[in-house]
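Dropping the structures in below, format is structure tokens.
Each of the next two complexes has chain A plus one more chain, namely chain B in the first and chain C in the second.
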Partner chain A sequence: MKIAVPVKFVPDLVEELTIDPGGAALDTTWLRLIINEFDDHAVEQAILLKERGSGQVAVTTIESEGADDFLFAAAAKGADQLIKLTGDFSSANNHALARVYADLLKELQPDLILTGVQAHNDLDGSVGPLLAELLGLPYVGYVAGLTVTGDKVVARKEYSGGLVAEVEVKLPAVLGIQASEQPPRYVAYSKIRQVMGTAKIEERPVSGLDPSGGTAVSRMFQPEVAERATMLEGGADEVADKLVGIFKELGTL
Partner chain B sequence: MEITLSPVSSSLSKTFFASLYELTNGERIRTCLQCGTCSGICPFGYIMKFPPGKMIGALRAEIFDQVIKADSVWMCVSCNACSAFCPSNIPITAALMTRAKEEMLLAGNIPTELQAALENTQRYGNPMGESPRKRADWTLGLQPEVNILGKTRQPVDVLWFVGDYASFHSRMQSATRALAKVLNALGIKFGILGPEENSDGDSQRLAGERGLFEMMAQKNGQIFKRYKFNEIITTDPHAFNALKNEYPALGISHPVKHYTQFLYERLEQIKPLLKNEIKARVAYHDPCYLGRVNGIFDEPRALLKAIPGIELVEMSHQRLNSLCCGGGGGGMWLDGFQWEKAHTRLSEWRVREAVVASAEILAVGCPYEPPRFEDAIKTIQNASQLKVREIAELLAEAMGL
Partner chain C sequence: MSQDIFVVIEHLRGQVSDTSYVMLAGARQLSQSTSGNVTAVLLGHNAQGLASNLAADKVLYMDHAALAEFTSDAYQIALAGLIQEHSPRAVIFGHSSIGMDIASGLSAKLGTPVVSSCRAFTTDGKYVSQICGGKIMAEGELPGPAALVTMVPGGYKSELGQSAQAPALTTVSAPTLEGLRVTLKQYIEPDTSDVDIAKESMLVSVGRGIQNKDNIELANELAAALGCAVSASRPVVDQGWMPTTRLVGKSGKRVKPKIYLALGISGAPEHVEGMGESEAIIAINTDPNAPIFNIAKYGTTVDMFDLIPVLTEKVKQAK
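Then we have the complex of A and B:
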């Protein structure tokens, strides 16, 4: 079974975020990127599936700071193929990202595509469903655990209130991973260093991003302190009178 | 709740035994008398499925696989008590325990809370996952401004390697500021690395992450090369131990002192400045990596004795036989795991000893300790009056700084 895991990087919230002078994006000067936590779980889930049965795991991401380190760490955990898409991704939203991943995945022809169910910078929807739509494949999100039998996968989908549904889907399919069955494992740094000497990252150049269909950010800002509350002082009757006066003033009475 | 562990690999790495005996004095493991001293003195020996003596027994019986499968080696806080009292001088902590933890880590058998600290170290250069850019934030508001070498590029006499907990921990920052004030009062020309400083890596090494330790050491070594200084002082005994005993083998060699040694050398200059009386019975806790491992017992005591009003009392475990605070060898990042096994903390034992010694102040010289002991005080009967103070804090107070 071939499993593909497209992942993305998101701003690291350990560093303070500042707004770009343009006022509609993050200032990237001090921005540090980190793997989207849910994508990290998707990689772990893929490795667990590989260890449980047989299979090949391909992990792919776009060029960014920390991408190589992440891919090598994935190889140290057991990933077989590392693919880095290169090019200018500065304008990439999830629509554009899903399109470049879809092109790659059409070529790789995996049986199963696992990706993080969401990311904290998903301004225009999450990658998984976009990808499924582009590839014409079924999608199940909020998956925490799965079993593959033959050409079917049973995904355990989480609902609110502690409910879990078992959803059977025919492969190939896209699953949005909420949590892997075990927390993402630790790989000793010496192992990663070893892999750096042996594993190969395939670079695939990408040009002409298509971000259409996504949202356009008109303004980005820190939460602003507003003073909209007026405290009414006095006894109950007095406060009630004032309140009636305010409602009248606003034209609601 | 059970603490979950990743799957255990069934076989030891091929190089395990060879590399164990090749470590400094590793061959001495073969001279073990099986006297049991190590298992007896180990503060968590009673709870381990394989305390140190049994580990050596398992090594000889060629069933070491079972030691690796059991998770009891994660109870080891690398306090070195076993090694200090071994009649055969076997480097139990440095060789056996550390090598076993490395093996556990390579097999992926690692408690999740420890994993987070190691991942943070790899990414941020400190185990707490703080922004490296905020490493010098403790200096804000201090006058005169603390010299951050990357900014001023001025040569200094003393490079102060502040360390992770002294830089970032909210309880420790006041103690770190106190030491800065003391150094200023003595007219020491010192500087810090600030955001360029990385974790010393020693506790990560003793928790089995040798590769990560080397990465940290190399980063620090590169930064040391950029600046001119005569010697290094550290707040943290673990950093002191790393710089003194471990970095030189990686080609990073600088004269280094713990701050208590450095201040002890200036005791005659300090004495007339100690004007304020601190009237209290004070018990001094020997940090493992200052006392037992590196033999610094008298200097911190001499500093405390110099403060007018202080009456120094000793706890039942002291000097070579000191009791670990529980934070070493990864213990700082295994609190939940160790609590699960032991239902007690070494810091709580220690606080009880301080209460029994009728101490009013528990004086310490390691940044792991104030948060640990202050937490313990909250849970121990009759301990609520006990105060935990860094030696630097007491000196600053006595100097009226």
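Then we have the complex of A and C:
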């Protein structure tokens, strides 16, 4: 079984985000990118499936800061093929990316494509279901755990409130991963270093992006806040005293 | 091409989800700028009854055994035909386990643009989307001549999407739904053996800021002193540090305690969906720009690892 996992880098939300002078996009000057956390889970799920049965895992992304490190780390975990798309992606939206990945995946012919369930900076839909439609495959998202049997997969799809639906999907298929069955494994840097010597990242140049079907933004801004929290000033001791006072006042102590 | 706004009603096991009412309220607002009607699209099997309190001008109801419960394949086929036939100005889906499975696929299938994470529409019909974990809003013209939209909660009260008067219902015929590649096997109920965090009057809730499993003990001790339960955000549960039963948010439980003490939780929209209606949110977070402070009553940027042990001691003394 062949599994492909396209992974995306997204702005780290722990950092301060600023709007660029044009007013309709994030300022990328100081933007720190990290892996979309759901992709970490998708890679983990792919490796788990490989370990459980047999098969091959291909991890693919577009060039960005941190891409090589992530791909090598995936190889250290057990990924077999590493693909990096290169080119100018500055005008790419999810529709354009889905078209690019559809071309790549037509060639790779995986049985299963695992994407992250979503990324926090989407404005024109998600790559997973777009990709599925372009490839003529079924899509099921919000997946936390799955079992492959023959040409089918039973996916555990999450709904709100903790309700889970067991859904049977015919392969090949695209699944949007919410969480892997076990937390993404940690891999020691020494092991990644080792892999760097042997694993190869295939670079594939991409040009002529087609962003049609996307969504234009005219303005970005920080949310306007009706009423911000009353901030409790002081050190730990002082703040703790104030909190005890609040607990009493609100009747929970 | 009509100026009508379609809303794809979400329901599970015979119950219309809250999201559906929020979408109807949003559609009402949008319809004022397009001067069209609001049409609720209900797919189901023997499910006409679910339409009775939808605040829509009319309901298009499609009945088929394969539509009894949501599956992406059947819904997508059914909706593609319906949208092509009626050409609405916009179709609103939930930014949810249902809507997100089909909205983007329909965008690719129909060649119709899709707008994600829309929280509200402006009076002149622009979309306003909430992205980057609630830290950024993006606004723009609704793509034309037709657009698909996935909608997040928070922008409209769900009561506005409910009506005491049943809307007019038109039954439309279903396409042949054969050769489906996605089928529902069964639902698995949430575990009820643990404490029900939705019933607690106070919660000490831990987020990724807690850093590791061992540190959960700090929250446990504080909760024990306060006589309340510990809940958590998604990353904490996904790391296996806390059981799923304690998850608050979109995929977890909705809670409304008197006090929700958030320790190292950023306040992402998916988390807020589950706790935003708490009577008082108190946030402890070292990032002064964390969105949680936008909804909290009280907040502090003191490091939780400095604060919690001291707070636990003072709570014990105060009893």
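Assume the second predicted complex is superposed on the first by the 223 of 253 C-alpha atoms of A that agree within 3 Å, B and C clash if a C-alpha of one lies under 4 Å from a C-alpha of the other, contacts with A are read in each partner's own complex, and residues count from 1 in each chain.
Basically, contacts are C-beta pairs under 8 Å (C-beta built on N, C-alpha and C of every residue); 3 or more make two chains touch, one makes a residue touch a chain.
Predicted model only: the values in this text are computed from it and were never measured.
Asks: I'd like to know which partner A:95 touches here: chain B for first, chain C for second, both or neither.
Replies: In the superposition, A:95 touches chain C alone.
Asks: Between chain B (first) and chain C (second), which does A:125 come into contact with in this model arrangement: first, second, both, or neither?
Replies: In the superposition, A:125 touches chain C alone.
Asks: On the A-aligned overlay, A:214 touches which partner chain: chain B = first, chain C = second, or both, or neither?
Replies: In the superposed model, A:214 contacts chain C only, not chain B.
Asks: What is the contact status of A:140 with respect to chain B (first) and chain C (second): first, second, both, or neither?
Replies: second
Asks: Compare chain B and chain C by how many residues of chain A each one touches, and report the one with more.
Replies: C
Asks: Which residues would you name on chain A as touching chain B in one complex and chain C in the other?
Replies: Shared contact residues on chain A: 14, 16, 182-183.
Asks: Which of the residues in chain A come into contact with chain C in the complex?
Replies: 11, 13-14, 16-17, 19, 24, 26, 37, 41, 94-95, 98, 117-118, 120-130, 132-134, 137-142, 154, 156-170, 173, 176, 178-179, 182-183, 212-223, 225, 228-237, 239-241, 243-244, 246-248, 250-253
Asks: In the complex, go through chain A and note every residue touching chain B.
Replies: 14-16, 30, 34, 182-183, 185-193
Asks: Write out the stretch or stretches of chain B touching chain A in their complex.
Replies: Those residues of chain B that touch chain A are 4, 6, 102, 105-106, 108, 110, 112, 115, 118-119, 122-124, 129-131, 133, 208-212, 214-215.
Asks: Under the touch definition given earlier, write down the residues of chain C that touch chain A in their complex.
Replies: Chain C residues touching chain A: 12, 17, 69, 71-73, 96-97, 100-109, 111-117, 126-127, 129-141, 143, 148, 150, 181-191, 201-202, 226, 228, 235, 238-240, 244-245, 247, 250-254, 258-259, 266, 268, 273, 279-283, 287, 289, 291, 293-303, 306-307, 310-311, 313-315, 318-319.
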